Every structure is written in structure tokens, then in C-alpha cells.
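What follows is a pair of complexes built around chain A, which joins chain B in one and chain C in the other.
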Partner chain A sequence: MSGFFTAFLEMFDTATISSIVAGASALMFATMGETISEKAGVINLSVDGSMMLAALAGFVIAFETDVVWLGFPAAAAVGMAVALLIAFSNIKLGLNQIAVGFVLFALSTELSRFLGNSYVGRPPVGVPAWDIPGLSSIPFFGPVLFDHNLVVYLSYLTVIATYLLMYRTRKGLEMQGIGERPEAAHARGIPVNKLRYFYTALGGALIGIGGAAFSLDVKLGWSDRPTRNLGWIVLAIVIFGGWHPLRAAIGVLLFGALQAFAINLIPEFPSLSQVLPSIPFPAMILALVVVNWKALLKWLDRYPFLRAILRSDPPTAIGTAFEVD
Partner chain B sequence: MNRARITTLALPILVVLGSVVVLLILAGTNPWDPIRIIVEGSIGWPPFEGGSARKVGDTFMVWVPIALASAGLIVTFNAGMWNIGIEGQIIMGAIAAALVAREVSAPRPLLILLAILAGAAGGMLWGLLVGVLRTAGGVNEIFGGLGLDFVALSITTYLIIGPWARSGVASTSGTNPFPDNALLPSLGGSKLSPLAVAIAVLALLGVWTLFRGTLYGLKLKAVGRNRSSAFLMGIPTNRYLLGAFAICGALAGIAGTSQALGLHFKLIPAISGNFGFLAILVVLLARFQPIWVAPISFFFAMVAVGGPGLSLRLGLHGSLGGVLQGVLVLSAMLGLGWAAYLTRRRAMTESGVSSG
Partner chain C sequence: MSLELREIHKHFGPVRANDGITLTVETGTLHGLLGENGAGKSTLMKVLSGFHSADSGEIVLDGKQIKLASPHDAIAAGIGMLHQDPLVFLPFSVIDNFVLGSPGAWRLDRRAAEIELNELCERYGFNFDAHTPVRLLTVGERQQLEIVRLLWLGARVLILDEPTTGISADQRSKLFATLKALAAEGMSVIFVSHKLEEVADLCQRVTVMTRGKVVGEAELPTPPERLVEMMFGQVIEIQDRSDVGLGVSHLELDSIQTASGLLSEEPISLDVKSGEVIGIAGMEGSGQDTFLRLCCGMRAPMKGTVAITGDDLTGKHYREFLNANVKYLPAGRLEEGLIEGLTITEHFVLTGQDTSFIIDWGAARKRAKELIDDYGIKGTENSTAESLSGGNQQRLLLAMLSEDLKVLLMEHPTRGLDIESADWVWEQLLARRQEGTAIVFASADLDELLRYSDRILVFFSGRIIGELDAAATNVDEIGLLIGGRSLGAEAAASS
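On to the complex of A and B.
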């Protein structure tokens, strides 16, 4: 029991918190991408595969050109292409988003293994460290927030930008409109399907950038299915975060903390060393059970303040196609 | 056969062949070689000739879990549920069957019967859990199922390196082999178990009958099509959803039993062989028709068994088989979707002409 406690205390170490923030960048981009896409009404279920294929594209381009930054647009293009395929098959062909998304998950995972096979174990290319002068010397916040690299800083900016776009602009209101009540949005003259294409593509590009952030920053280089299961976590965090960018960002950090905690526990419970690293995955998804538990939600309804923090209702028209009569 | 029908069928096939050929040329090989190697590695070349008994046996024993899981998924799909938790249900079936194989001593027929029942019960329990989370907890079945997939995987790893560790060194390569007494009886010289194949065929026939000739199947379909109308018609929708998960879980659990006692003969971390996810692709490609599931699963099983030969013989990664399956399902879906779109558009312009 004391081992458990020590591992818990280590969580509050500046270095640990700093590494959680740094390691969260990939999931941060992808989660924002999925939140945008779902908010506009399109579920991109392919994340686990498209993020992987994008991670490969990012690594391959960065490796071949020796310019690390070129990896990011390449990865964004891959993520966008997969997302557009989902949007097209749903909007134009009326196919089920979940079905197409699942098939694309399977296909892009296998494609990443097939095309990436010859890149396994190649020397990694990484984003250079860059501590922001001045800001990085603030005690505690400096090392935690500003002693990383451009990708990590961009992940903060993406969260803030997503929040501002969604809740502080007219465009964001339209985005919510096409995900909640597409008929009403259409009646107000908003081009529902055009915007759905746009936001799904934008979301896919962010998912792709998340993939590149993984292979070029979080865990350098390429191996067989390096981002395995992270895409499913992204989908879970979007729900956990109640389709709100800031809550989702907290979810990403909580998942990172859970992972760090599980790793900290290994020295205390060496016999579980193979099992512990995988515990955060079921834990995170089972956390959904709590936030979706009907009895709890009913109880919360009595407390408007708590309700605002914890309640999560999906966009009403999520997963459905919108057809103009 | 009219023109639209031909386009519907031909387009996906052409797209598949085209994309596979392009992919293979990109990878630097002659497109014909991989196909021959997959056929040769799974059912022998020329097919089913003498000397290929072992391969054919393996292919059938891969077909069994895919077909069983697909049969189960047809039930949950008809109830309108995305049972992504099928992987976990296969794993729990394998664990339950392994428990019986390791701990129970009984005459062989009884022991095998017990193991199959235990496997079905293990899978059913895991399926029902997804169902209960959905109906009582309001947790979307995709995520409840995924969470339980991860839990089942963790339990397997824990058992393999912990309580069921191999004597001597604990390693993630698997437990000790099960006693011979508990293994599914097979035809000489191969792993082919007529019992397992028979169960899979019966499951497909059963699911076919369920939706062709029973009131239960009809009501289940009603629940899947429109839950609120079904409820208003007096169907206890939650009970039907749980029923669908129970049936699917039980079939997946038997698939896991076949994996443990018919193919691997021990518990390994990847005991599900990813066949649950593969079965989702099979069912989507078969458009939820049990009759189509049988041949499509067989083709997928051939790719799964013959695929690894690609790396030995051609230096291509074995995942080419998975790519092929994915491209096939995707292009079939897009092709059919496109054909339906054209039909819709034609109907719309025609009605426009007549009314105008």
C-alpha cells in the first residue's frame, strides 16, 4: 500500500507533470480534430487507423527529405483524405458513417503496416527542442509549460483556437447548428453539407497532425502499429469531454496522468509489469460509464452548476446524413 | 440482368483488382505471385490436392471462429447494435474454455462439451455486460465494448504471466499446452475439427432461420430498425437488445473456444487472432446475409492463413492480406452506395419529368 502512495506522490513532481504535458501533444491535436468533426455531425471512427497512417506519412516524408516540418503537412493530407472519404460516402452516398469509418480504420491500419514495413527501425527524426526565452524560467510553470518544443506549444494553441472558434464566433454557432439541427440551419440559409465537408476535412487534418506529432515528437521513429489504441482513446475522450474542447483537453491530460501513474507503479508491483501499462485504456473507457450513468445524471440535474461541468449530451444530429428535399 | 445491376457488381470488383495491382506494382512485384502464394499457402496448389491436408485444416480452423463471430454479429447488427466488443467476447470464451481444459478432469466427450459450454457462457457474460452498460447505463455499445475488449486483453496477459505462467519461465508466448484430453478431436494429420466446423455451420443456419422464420427474429429486426416504434408496439426493447448481445456473445465465446482448444492448443495473448474485427468486415461485405458469410469468411480465412507466406517468399509484409480485405470491403460498400445513389438520382429526375 505504501508503494501505491509513493507512486501517487511522484505524480506531483515537476518533471512528471512536464512530461505528461509534452506527451499529450499527439492526443491533443487528434482529440480537437475529432471534437470538431463530431460537433458538425460527422463521426470519424477511423481515427485509430488514420492517425497511424498519418504518423507513417509524417515520418516517411521527414525521414526522406530530412526536413522534420515537412512531415506535418503530409500527415495532415493523409488524415484529411480519409476524413473526406467518410464525409463523401455519408453525405453523397448516404452510407453509414460508423460502417465506413470502421472499414477505413481497418484498412489504414493494415496499409500503415504494409507500407511502413521497410521503415521499421530507421533512425528517428525529431522536432528540435525550443524553450521559450523568459517564459521558461518562471518557477514551476516554466518547465511544465514552456520548456518543450513548437509542436507542444501549437497543441495548446489548437485547443484555445478550437474553443474560440466553437463558442466565440459566428462560424462556431453555425458548426453547432449543423450538428444539432441541420434542418433548422438549412432553413436559415447555412450550407449544411458544404460545411460538414469542411469541418470533417479540418478535423481529419488535425487527426493527421496528431499522428505526425506522435512519430516525430512523442515516440520518435516507426515501429509496427506505434499509435495502436490511441485512436480509440481519442474517441472516448471526446465523449468524456462532452464535445467541449476544454473539457476534452482535460481528459487528454488525465489519460496522460493515468499512463504515468501506471508506469510509476511498475517498480512497486514488478509482477504486473506487463499488465500495468495497458490499464489506462480500459480505465479511461470505463470512465465513460460513470459520466454516462443515467442515475448520476438525474441526480446532477438537481444542481445546475455541477450539471454544467459534468453533463455531456452528444450533438443531436450526430451520425446522421442530412438530405435537402 | 440489367445494366445497373452489372455496374453494381462489376465496379467494386474492378476497383479492388485495380487498386491491388497498383499497390503490388508499387511494392515492386508481379501482381499474380501474391495471389498464387496465398492460395498455395492456404489450400494448396492445385487446390485441395494431396499433401495440403495440414494447410486446409488450418484454413478451416480459422474459418470456424470468423464464421461463428460473423453469425453472432448478424444478430447484433439486425438489432441495430455495433458490437465492437466482439473481440473481448471471443477472448473471454477462450479464457473460460481454457479454465475448464486446465482444471477439470472428466472423460473426453464430457470435458469437451463442458469446455464449449463454458466458452459460450464466458462470451455471453461479456456480451451481456456490453448490453447492460448500454441499456441500464446509457453507455454507447461501441465504447462499452471497446473498454471490455481492453479489460479482456489485460486479463489474458495477467493470466499468462501470472497464475497460468508456463512452468519454468513466465513469458508472454503463452501458457503450457492444454492436456490432450481437452483438445477438440481432429482429423488425422491436420487440426481440422469436424465438430467445430459443424457448430459453425449450425450457427449460420440457425441465424438464417432466426431471421427468416421466427417471430423473435422479426421483433429483433423491428427493434433494430426503429427502437421507439418497436417499444410503442409493445416489444420490450431492452430485453431484445440484451438477447441479441447474449446470442452474439455465446457464439463469439465458442469461437474463442475453438481458437484455444482447436488451433493454438494453449492460451496466448493474441488468442482472438483479431478475428472479431475481421468478422465485422465479413458481415459488412456480406450485407448481413448468413449465406454470403460462409464463402466470404472462407476467403478471409485463406488470406489469413496464406498471407504470412508472402513475407517468406516475396519479402512482402504479411499485412498485404489485411490491406486486400480492407480494400475489398471498402470498394464494395462505395460501389453499392454509388449504384444506389445513381438509382435514386434517376428516380428523382424521372419523377421530375413526369410531374413537370
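On to the complex of A and C.
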């Protein structure tokens, strides 16, 4: 019990919190990407695979060219290509988004193993550290937020930009409209399917960047399926976040905290060292169940403020194809 | 501005929804569009608003031919449409619905839009809180919001597709006043409806469509019989109800009360006899649906008893009510009454009496064919429920009812149906009544309530505020009660 407590206290170390923030960048990009895509009505179920393939593309390009930043556009292109396949097969061919997404998940996972085989164990390439002068010397917040690198800072900016796009711009409102009720959006002169292509591609690119952030920053280098299961967590966090970018960002940090906690527990409970690292996954699913628990929501109805924070209604037309003749 | 449609063709698969339609609407007029269910009215209007693109045909606005590739082009040309089911985004706020799709800068200035919304609302006497989700608005308010939005976008041709189906009498008079004012300002309004009185009341000219073609045009006023004849090729006599003797009590509610929030605290008692027709009036959401669900066992009362033909069934499952020959047909035909994707035959199998484990599809299809003939359903035994028009869905629901019903509960039995179908529905219902079925129906159509009920119950905010003898009351009295006022109070206030 006291071991548990020690591990818990360690969670409040500046160093621990700082490492949670630094390690969250990959999930942050991918979660924003998936949120955008789903908000526009297209579920990209391939995340777990496309993120992996993008992580490989990012690493390979950075490794071969020796320019780390070139890895990111390459990864974005891979993520975007997979996403566009889903959009195309749904919009043009009328195929089910879930089915296509799942097939593409499996395909890109296997492809990443096959293509990445010869890169396993190659020397890593990493994004250079860059602490923001001035800001990084603020007590607590400095080391926690501003003592990382450009990728981490861009992940914050992506969250903020996603939020602003969705809730503060005309385009963002239209994007929500096409995921909510496409025929109503169509009736208002909004080109529904064109925009669905656009936002799915944008979302896919962010998922790809998430992959590159992983292989070039979070856990350097290439091994067998390095990002496995993170994609599924992304899908869970989007729901946990109620399709709201800021709530989803909190979900990402929560997951990072769970991971850090599990790792802190290992020295205290060495016999469980095999099990502990996988605990955050079921824990996240449990959190998802809790926020969607009917009885809890009913109870929360008495507290409108809490209810508003916790409500999570999916975009109504999510997963459906839109067609007018 | 004058608007001309020339030779519009539009088909869906084998269905020729619009088959060469030519139509002219003059500037500053209210133009009515009449036609049976499935005549192609909505399709034509959707073509005109760019929602559908026509297969062929021309649209000429003020002498200039315009091309409508999408609703965007139509809006730019000043054509705005209010759809049969208002195309709003339910979870979004009023203001978001208002600005969604409007041109302007990247940044969304909700505050500026709110000022413009309020100005327009003030001008037309509407009233919204910009921040409530549209889900909480009544259908009438959603329409008002759509209308001000279209005006804000600069619509000069306004299309309204059956705007009066889901709204209260008050909202309807407000809508009509607004439309007349708009026409006086030079707006051209196209008004689609099934109700002849409304068209007569509002429009200067009317076009009648049948099966994708224009079959007649007339200046108003024109005798309603002529319009009906154009629509159906024959004069339709509205059935009047004959008197039947009332029998034993079929539905008895004794001081029932529900859990908080659904109905008001006041206990409700009601006794419906065999052969009696009870009409239920009231604004949408005044407790009618809860009340009907109590009567059919879909909801259990907290206090009081529900008895069917003398048997106390309080708190029993809906199945037991069904076994006691009580049937409830809710308003959402496709949502609650029928199953999307299943064929007519499959519907009959599901509700039939046959309990054998293996389905005899041959026999089932034969039976379905008979019922399709008997009930005049336009469709085949393999048509799916959602492919039927509203009138035919209602026919299917009635065909699925078992033979000897004791109590039949219905919501909006003729909503959205054309005159012929509506009349046919009541013919069936009155025949059931002759056989002793007790009927309780909710409707927003006051004429329907007055014509067919013995007694009318008026609901207002969760309680019954009036029980009227249908033979001794009139539209005005019911109208006032629906709004929560009474004739006596009104007289006192005006004196």
C-alpha cells in the first residue's frame, strides 16, 4: 500500500508532469486529427495502422536524408493517403467506413512491419530540444510547458487551432454541420462531400504527424509495431472527449498520466512489471464507460454545469454516406 | 420577381417524380401548389431550390435563364426554401443555425449576427433566445428561424413545403400574416399544402399537380370542389359520422397520476365507452403523448388505475394491453410504427396471429397481396416501409391492426396526408367504431377533431383544462383553451 502511495506522490514531481506533457505530443496530433475527421462525419478507424505506417515513413525519410524535419511531411502524406482512401470508398463507392477503416488498419500495420523490417535497430534520429527563452524560466510552468522542442509546442498550437477552427470560425461551423446533418448543410449550399474529403485528409495528415512525432520524438527509432494500440486509444479519447478538442486534449494528458503512474509503480511492485504497462489501456476504456454511463448521466442532470462539461453526443451523421441525386 | 419553370423533368430510378412541369409565379404573389401524396410537389420545389438537380428543363428568373447546380446557386439567385421537415441542426444553438451557411469572413462574429437576428425577429414578431439549442424549439419556431434566416440571406422567392403540418393554430396565423406582409413587399411565395382552406385563405393563384404533371391552374377564389376534382379526377365527399349507440366502458382511467414532470399533479379520470371517439387537442408537448402511453400500458401510472373492459390492468406490461386488444399508433410512423428495411409482407408476418416456428412465405405473400388490395396501398408485397409515401404508410399501419380492437389510440392519424387518403383513413376508423372500438386520437387539426369526436379533451401544460362536447363547441373555443385561456376569462378581460 505504501508503495502505491509513493508512486502516487511521484506523480506531482515537476519532472514527471513535464515528461507527461512531452510524451503526449504524438497522441495529441492524432487525437485532434481524428476529432476533426469524425466531426465532419467520417470515422477514420485505421488510426492504429495509419499512425504506424506514418511513423515508419517519418523515420525512414528522416534517417535516409538525415534531415529530421523532412520526416513530418512524409508522415503527413501517408496519413492523408490512407484517410482519403476511406473517404473515397465511402463517398464514391458507398462502402462502409468502419469496414474499410478496419481493413486499412490491418493492411497498414502489416505493411509497416514488412517495409520497416530492415530499419529495426537503426540509429535513431530525433528532434532537437529547444527551450523557449524567457518562458522556460517561469517557475513550474517553464519546465512543464516550455522546456521541450518544436514538435511539442506545435502539438499545443494544434489543439488551440483545432478548437478555434471548430468553434470560432464559419468554416468550423460548416464542418460540424456536415457531420451533424449533411442534407441540411447541403440545403444551405455547403459542398458536403468536397468538405468531407478535405477534413478527412486534414485529419489523416494530423494522424500521420502524430506517427512521426512518435518515431522522431517520443520513442526514437524503429522497432516492431512501435505505436501499437495507441491508435485505438485515440479513438477512445475522441469519444471520451465528447468530440471537443479541449476535452480530448485533457483525455490525452490523463492517459499519459496513467502511463506514468503505471511506470512509477514498477519499482514498487517488481513482480507485476509485465502487467503494469498495459494497465492504462483498460483504465482508459473504463473511463470511457463511466462518462457514457446512463445512470451517471441521469444523476448529473441535476447539476447542469457538470452535465454540460461531461455531455458527449456524437455527430449525428457520423459514419454515414451522403448522396443527393 | 417573376419566376418561370419550363418543362422540368426529374426521375428517381423508375419513378418520374416530375414529368415535364411548366409553371409561372408572378412577382409579389402568393402561389399555391396542391396535389395528392407523391404528386411530386416536394421534388419540384427541391429542384427549384437547387437541392436536386433536374434531369432537364429551364428555370427563368426575371427574364434571365439561371443554372442551379447546387443550393448555393439558388440562394445566390435569391431563392430560399423551407423544407417539409425544417432542415435545422438540432443540437446547435439558434444563432449557430442562423449563421451556418451564410457568407462572410472566416471569423464567426456571433454577436453581430445576433443583433441582426433580433432585428429581423422584431420586425416579424418572432422571439428566440439565441443560445438555446434548436432541439428545444417547437416545429413552428424552427420554421420561423428558417424563414428569418432565408430573408437575411436575401431570398426574394420563398418556398414553403407544407409549413402548417406540425404547428399550432396561433403559429399558423402568425405565419400567414408574415407571408402576406412579405408578398406585399414584393416577395414571391410558393406555398405547398394539402389544406384547401389554407390555400384559399392565402394565395392568389394555385397550381394543381398529379403524378408528376400539372393538371390545372386557377385564380382564387375557386370553389374547393373544383380543386379537389382537379387533384383526384373526382369529387370527394367527406364522410360524415353517423350516430352509434355507446356500449360498455372499454377504457377506464381512475384518478391516475404520474411521476413528477410528465403530467401535472392533478389526477386524471376518464371513461371511454365502446363506439365512442375522443379527440385530444393541445399544443405539441402538453402531455398528450404521455397520456396516450398511460392508456396503452407503455407507461405505468404512479397512482390510480387503468382498466380495459372492466379488467384492471394497472402496471401490467404493454403486451397484456395488446392481448386485451388495445393498440397504440404513435405519430412517428417510420420511427415507432413501422420498421425501416422490412417489406410489407414481413410487416404482416410480424404482427400476424400465426405462431408457427417456420414462416410459410408463400402464404404470407398471398395474404399480403390481399391486404394490399383491400387497403388500396400503392406498393407491392416486396416494397419496403420507407419507400412508401406517408399516406401509404398510414394505410399499412391500419392494415396491420387486428380484427376486433377494443381500444385504438392514435396520434395525428392524418398528418401530412392528402384529402383523399385522410378521408379514407377516417372511413376505416369510423367502420371500426361501428363495430364497437373505442377510439382516442390526438390531432393538431381542429376541424378533424370537431368533425369526428364525440368529446374533446384539451391539454395544456400537462393537464386537461377542458372537456368539451364536440357537438356544442367550435374552433374558437378550442383554440383559446389550447393557449391556456378560456372563453369566460377572455370575455372578462375584454370588458
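FYI, the second predicted complex is superposed on the first by the 325 of 325 C-alpha atoms of A that agree within 3 Å, B and C clash if a C-alpha of one lies under 4 Å from a C-alpha of the other, contacts with A are read in each partner's own complex, and residues count from 1 in each chain.
By our rule, a contact is a pair of C-beta atoms (placed from the backbone, for glycine too) under 8 Å apart; a residue touches a chain by one contact, two chains touch by 3 or more.
The model shown is predicted, which means the values in this text are computed figures rather than measured ones.
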Which superposed partner A:Trp232 touches (first chain B, second chain C, both, neither): first
Contacts of A:Val100 with chain B and chain C, given as first, second, both or neither: first
First, second, both or neither for A:Arg113, with chain B first and chain C second: first
Chain C versus chain B, contacts on chain A by residue: B
Which superposed partner A:Leu173 touches (first chain B, second chain C, both, neither): second
Touched partner set for A:Leu286, first chain B, second chain C, both or neither: first
Which superposed partner A:Gly189 touches (first chain B, second chain C, both, neither): second
Set intersection of chain A contacts, chain C complex versus chain B complex: none
Chain A partner contacts - residues on chain B that touch it in the complex: 23, 27, 82, 84, 133, 136-140, 142-144, 146-148, 150-151, 153-154, 157-158, 161-162, 172, 277, 280-281, 284, 316-317, 319-320, 322-323, 325-327, 329-330, 333-334, 337-338, 340-341
Chain C-facing residues of chain A, complex: 168-174, 176-177, 180-181, 183-191, 313, 316, 324-325
For the chain C and chain A complex, residues of the former touching the latter: 12, 49-53, 70-76, 81, 83, 87-92, 96, 99-102, 104-108
Residues of chain A touching chain B in the complex: 45, 89, 92-95, 98-100, 102-104, 106-111, 113-114, 117, 229, 232, 235-236, 239, 271-272, 274-275, 278-279, 281-282, 285-286, 288-289, 292-294, 297
